[in-house]
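Chain naming follows the written order as A, B and C, and within any one chain the residues start at number 1.
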Amino acid sequence: MARQLELHPDRLFPVDAAARDVARVLYATVANLPIISPHGHTDAGWFADDRPWTDATSLLLAPDHYLYRMLYSQGIDLDLLAIPRLDGSPATASRAAWRLFAQNYTLFRGTPSRLWLDHVFADVFGFDVALEEATADLYFDRIAEALGSPAFRPRALFDRFGIDFLATTEGAQDDLSAHHRIAASGWKGKVVTTYRPDGVIDVEHEVFRPALARFAELTGEDVYSWQGYLAAHRKRRADFRAAGATATDHGHPTAATANLSAVEAEALFQRIMGSHWTPAEAELFRAQMLTEMAAMSVEDGMVMQIHPGSARNHNAALFASHGRDKGADIPTRTDYVHALKPLLDRFGGATDLSIILFTLDESTYARELAPLAGHYPCLKLGPSWWFHDSPEGMRRFREMTTETAGLYNTVGFNDDTRAFLSIPARHDVARRIDCGFLARLVTEHRIADWEAAELAYELTNGLVRRAYKIDQPRLAAQAA
Amino acid sequence: MARQLELHPDRLFPVDAAARDVARVLYATVANLPIISPHGHTDAGWFADDRPWTDATSLLLAPDHYLYRMLYSQGIDLDLLAIPRLDGSPATASRAAWRLFAQNYTLFRGTPSRLWLDHVFADVFGFDVALEEATADLYFDRIAEALGSPAFRPRALFDRFGIDFLATTEGAQDDLSAHHRIAASGWKGKVVTTYRPDGVIDVEHEVFRPALARFAELTGEDVYSWQGYLAAHRKRRADFRAAGATATDHGHPTAATANLSAVEAEALFQRIMGSHWTPAEAELFRAQMLTEMAAMSVEDGMVMQIHPGSARNHNAALFASHGRDKGADIPTRTDYVHALKPLLDRFGGATDLSIILFTLDESTYARELAPLAGHYPCLKLGPSWWFHDSPEGMRRFREMTTETAGLYNTVGFNDDTRAFLSIPARHDVARRIDCGFLARLVTEHRIADWEAAELAYELTNGLVRRAYKIDQPRLAAQAA
Amino acid sequence: MARQLELHPDRLFPVDAAARDVARVLYATVANLPIISPHGHTDAGWFADDRPWTDATSLLLAPDHYLYRMLYSQGIDLDLLAIPRLDGSPATASRAAWRLFAQNYTLFRGTPSRLWLDHVFADVFGFDVALEEATADLYFDRIAEALGSPAFRPRALFDRFGIDFLATTEGAQDDLSAHHRIAASGWKGKVVTTYRPDGVIDVEHEVFRPALARFAELTGEDVYSWQGYLAAHRKRRADFRAAGATATDHGHPTAATANLSAVEAEALFQRIMGSHWTPAEAELFRAQMLTEMAAMSVEDGMVMQIHPGSARNHNAALFASHGRDKGADIPTRTDYVHALKPLLDRFGGATDLSIILFTLDESTYARELAPLAGHYPCLKLGPSWWFHDSPEGMRRFREMTTETAGLYNTVGFNDDTRAFLSIPARHDVARRIDCGFLARLVTEHRIADWEAAELAYELTNGLVRRAYKIDQPRLAAQAA
């Protein structure tokens, strides 16, 4: 007999009965607030075209490196999970891959993936039996059937999920056609883009040369000259704002910034455009470009997000066979205090600049990030990120940042996901954990219950809207 | 209607009812023990002259960088908070600054500043309504009125707070006149000094040259020769001991120590006294001076405190306009294992030397500091410091150091504050958190209740007195 | 009147009543499972010869650097604790040393040593009064008496403790005679060895030259040539496997690995064998040898354990007087992401290789180790180690690794001890803490109770057997 699946109404609340009571009351006030998702990686094409998804494997498993990294870590070949190689081979059948996943679903016990998936299974698809080997086919079939119905099309789910704002992320070399199709379609869902120029900034990125060519084409600028290159960024930032963007995003190996003179910056740019740059020069150019991006944000008001500290593509063989974003990115020690100083020396006191900092190195929460955000007007703390977007990770984030940075220098939750169906689950986890944290403050008599209620709203909606300037007037492309 | 202010008797105790019961009982045994404050930054002149304070802003807001750093981080101009610039301008009225603070008091939810201030408001001034915009004037007026009365003079509060021992911190270039006036006054409050020679050791400190000149003047030594410089330290250490000091304090950028030969040390000293030193030489000289100070401590018995790891004055523009100690000091990663080895190679086994280590880098608690203090006879662990002097910070300190260093290699609580009125609040927080930690050990059956009671006393009074040699005979200046 | 000693049945369980109830039920299912001890430092000679131990000091105090490091840290001379100097002097009487220990037993409040010892006292020796000054002689006498009886011989205790598998650790230069005597004796206790070649790999180790000579002698290989040296490792690995070994162990200062060409490796080897190597070359050779050991593990199936990050013999004076392993090893910051890359570039995807990683730097749990183990098929996480083998340390390990690596990329518990009598106590602590952690997951509705029960078994026996290949067929020496 199959095991039951049910989402306990008290899940993730504090264990203690008194604190749990407070958490329950707080959570009730925010559980059904709209979802604001200001940073993520869903595919704008889904909402532009509103085509149905086809099956569980291609929707839930294949795009989610959290899932197949764990299966891979236990010796399961990615080929068997229908994760395509760069050369297109091999094509495992979706159903076989799903069965293998179901057989190994126990591996996820204690992980956030398990929480998110169970939420999707129970809440989005209505399952009341758990996923296991015996129910693999039942799941596969019922999900395929559901996905064929109008209620499971991207736009219908967007509405059903109560999403008020969803930002995708596109490269500087992207033509934003999906966003333009959304705008042209008359659909009222707020799906906006985010300016992510890494591909045209990071000379060590494998897309750099082609991205730069496309960057030139889209802007008509001479991107191989320093002034033309900067002008191209300005044009594309305007394009992105026209497609609703309120923010930029920068995924760099480190948080290094630089503050070179105009002459030095131009000379560095020329070396980067040539073929004899060193890794140190590549790093310095990324560093300088963060400061250039900050300068443009002061001009155009876009919020900057900095996501540093991941050693990308650590598994060389896997990168060769399957390419990037295959679960082989490993966090590294990250310095902020020295790294950000050049940028802060130039813009630290600006009150018209907003930079949201993320980290994969939790040792910086209390030591560096909270003191920085608790001082500099331009700095805010992004939520616990990636591996730390989890119940324990979120608790540590609150425990290690609140006392120094306060709650008002944080920006609410990001789901940061390409797994669209898990968005409600992820926001629900964050709301439960934050309400649990606030409940503990109440139960320890550190804040009053009415203060906790105000804060629960802020962490869910208020701070997010303000931090990402979401209450700004509707922008051109969206209003069109 | 104004919100109520009340201090809940169970605040900061564990949430769990069983552990809370134990904590309550333990706390009752230490709640009213005398306050021993062996490390802090109050102004000895207050107790020398016993002049009344004037208003809430100048007493509570303007000297407390914990408060205005948070307001500044939210874009509030320091000028509006009556924080003076180096050039003296501008003079915001105290009342206007206080109103602005009151309007933004919500920013402190979840921070220790909020706990300390509410304690001061309720317990020291007797408020029963909370601080908010509507009560700003009520607060300002009632505090001004109270401060005008004899009961709110510094010495009266010192007695009311039950302070048994209070150490201030003075530079090597200080003439200790305030301490001499206290001694001459016949007042019986134990207010002693601490020898903090950073200003005459750190050539990168902006006061170095004038401090050195004053150091020469006060000692009559040729401080520009290595032997004269060391002799001047010895003289001043004796002066400080005569003013009650039992300890020295060293706030260095890192924990680096060195163990140079006499010839090397003298050559380095000459470079530092010249005008061509490098930052590396400045660092090496600070490192060597920690070892020299340890050597003098072996001679004269003064306890050494090392406070490393803060990147001071990180905000260049603010340092230029407002000077140091304006909330812009940011902790950095700190190494102890390699940094302290030269000093420990020389004095590690000394049982007549006592060095109290502090950190702003919590990742060193379990990894480096507890193993070091749990081995070397001369090392002890200072309490959680600065940004970590908070409920969560104190819990982490105990959780990450106790299992390796034990409780007997720690030294009780330091308030480390210039905010005199908050001293009882700060000690109260520490007592509550420590009793909560002990209560958890009892509830998990790791220690017996009677052991917890012994330990609660130790953490509050016993260890502090022993670590700082406070039961030593009364010293000359105080006995005069 | 002496204080009572009793082990509370609920010790170390969560404080919250609901979670405690769950923990209690889980613990009952694993409390009496056999002990699998796949990594430790007991003396194989004890089991080979089954001679009685003599007294409390030589059995419990003198071999346990956790104990005397704490006493030493409080200024107690090691001479007074019967810890022998390298020159053999002085010989404090066992009873006097024991009394001094008993007088200072309070120092261990809140430490795991206290938990382990009380368990040994109550459970192994049957004491019902606590150790303190007044009971020192009672303890000393009763322990001596017990040790004289057959029931307290090594093999009898091995059986009484329910040990199913016990691995000791021997150097590559060890002749394994004790293991051979066990095999020849016909005793059925499974005591196996582990291949620890540090002494013949680390040229900075004081035993390097004599160990290498012995290595040559035991293998008949020309260990001063690169090929002969590698062949000698292969032979000794085979010898160790014949004595039951399923694993190797590598205690290096860092986790550095290298992947040199054959030519480079041979040239480096020649420098190491000469007398002009640099510390950087010593490090590179250790790094290269980890990769060579991985290559041999791919051949012969032995599990690799890497224990990096301890600055050994930090106290120079103590090392000179008393030698290594005297409580003066201090953890340091440890990098894994970059350090392991060369080895992983070569073997990262191997599913026939198993490497168990340990750390003394908890900041790497969530940042580096869990992401690495949650991706690479060849990597698993060893349990919290050494200073972190403690209730709080184990909790942090689970909280910081489970969400990213899952529980199935961990390997159960290691006691890692030379204190044989404490083995049941240590495994009991781990079982209680792990059940408490699982109970919290259940109480927060993150996993079901039946899942927790499966996991409790896995963490105690299942994962350990699989990770250390303990269900492999019995090997030659043991089967003989």
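The rule is short, and it goes like this: contacts are C-beta pairs under 8 Å (C-beta built on N, C-alpha and C of every residue); 3 or more make two chains touch, one makes a residue touch a chain.
Here is each chain with its UniProt name: A, B, C = Uronate isomerase.
In this text, all values refer to a predicted model and were calculated from it rather than measured experimentally.
A.B. asks: Can you grab the rotation angle between chain A and chain C? Superpose on CA, round to the nearest 5°.
C.D. replies: My answer is 120 degrees for the C-alpha fit.
A.B. asks: Which is it for copies chain B and chain C: same residues on both faces, with over half shared, or different residues?
C.D. replies: different
A.B. asks: Quick one: report the Å distance separating chain B from chain C, using the average Cα coordinate of each chain.
C.D. replies: Chain centres of chain B and chain C, defined by C-alpha means, are spaced 40 Å apart.
A.B. asks: Counting only residues that touch at least 2 other chains, which ones in chain A make the list?
C.D. replies: Each of 16, 363 in chain A touches at least two other chains.
A.B. asks: Chain B touches which residues of chain A in the complex?
C.D. replies: Going through chain A, the ones touching chain B are 14, 16, 18-19, 335, 337-338, 341, 344-345, 348-349, 351, 363, 366-368, 370-377, 379, 399-400, 402-409, 440-441, 443-448, 451, 454-455.
A.B. asks: So in the complex, the part of chain C that touches chain B is made up of which residues?
C.D. replies: 3, 8, 10-13, 15-17, 69-70, 72-75, 106-112, 114-115, 311, 314-318, 327-333, 360-363, 387-388, 390-393
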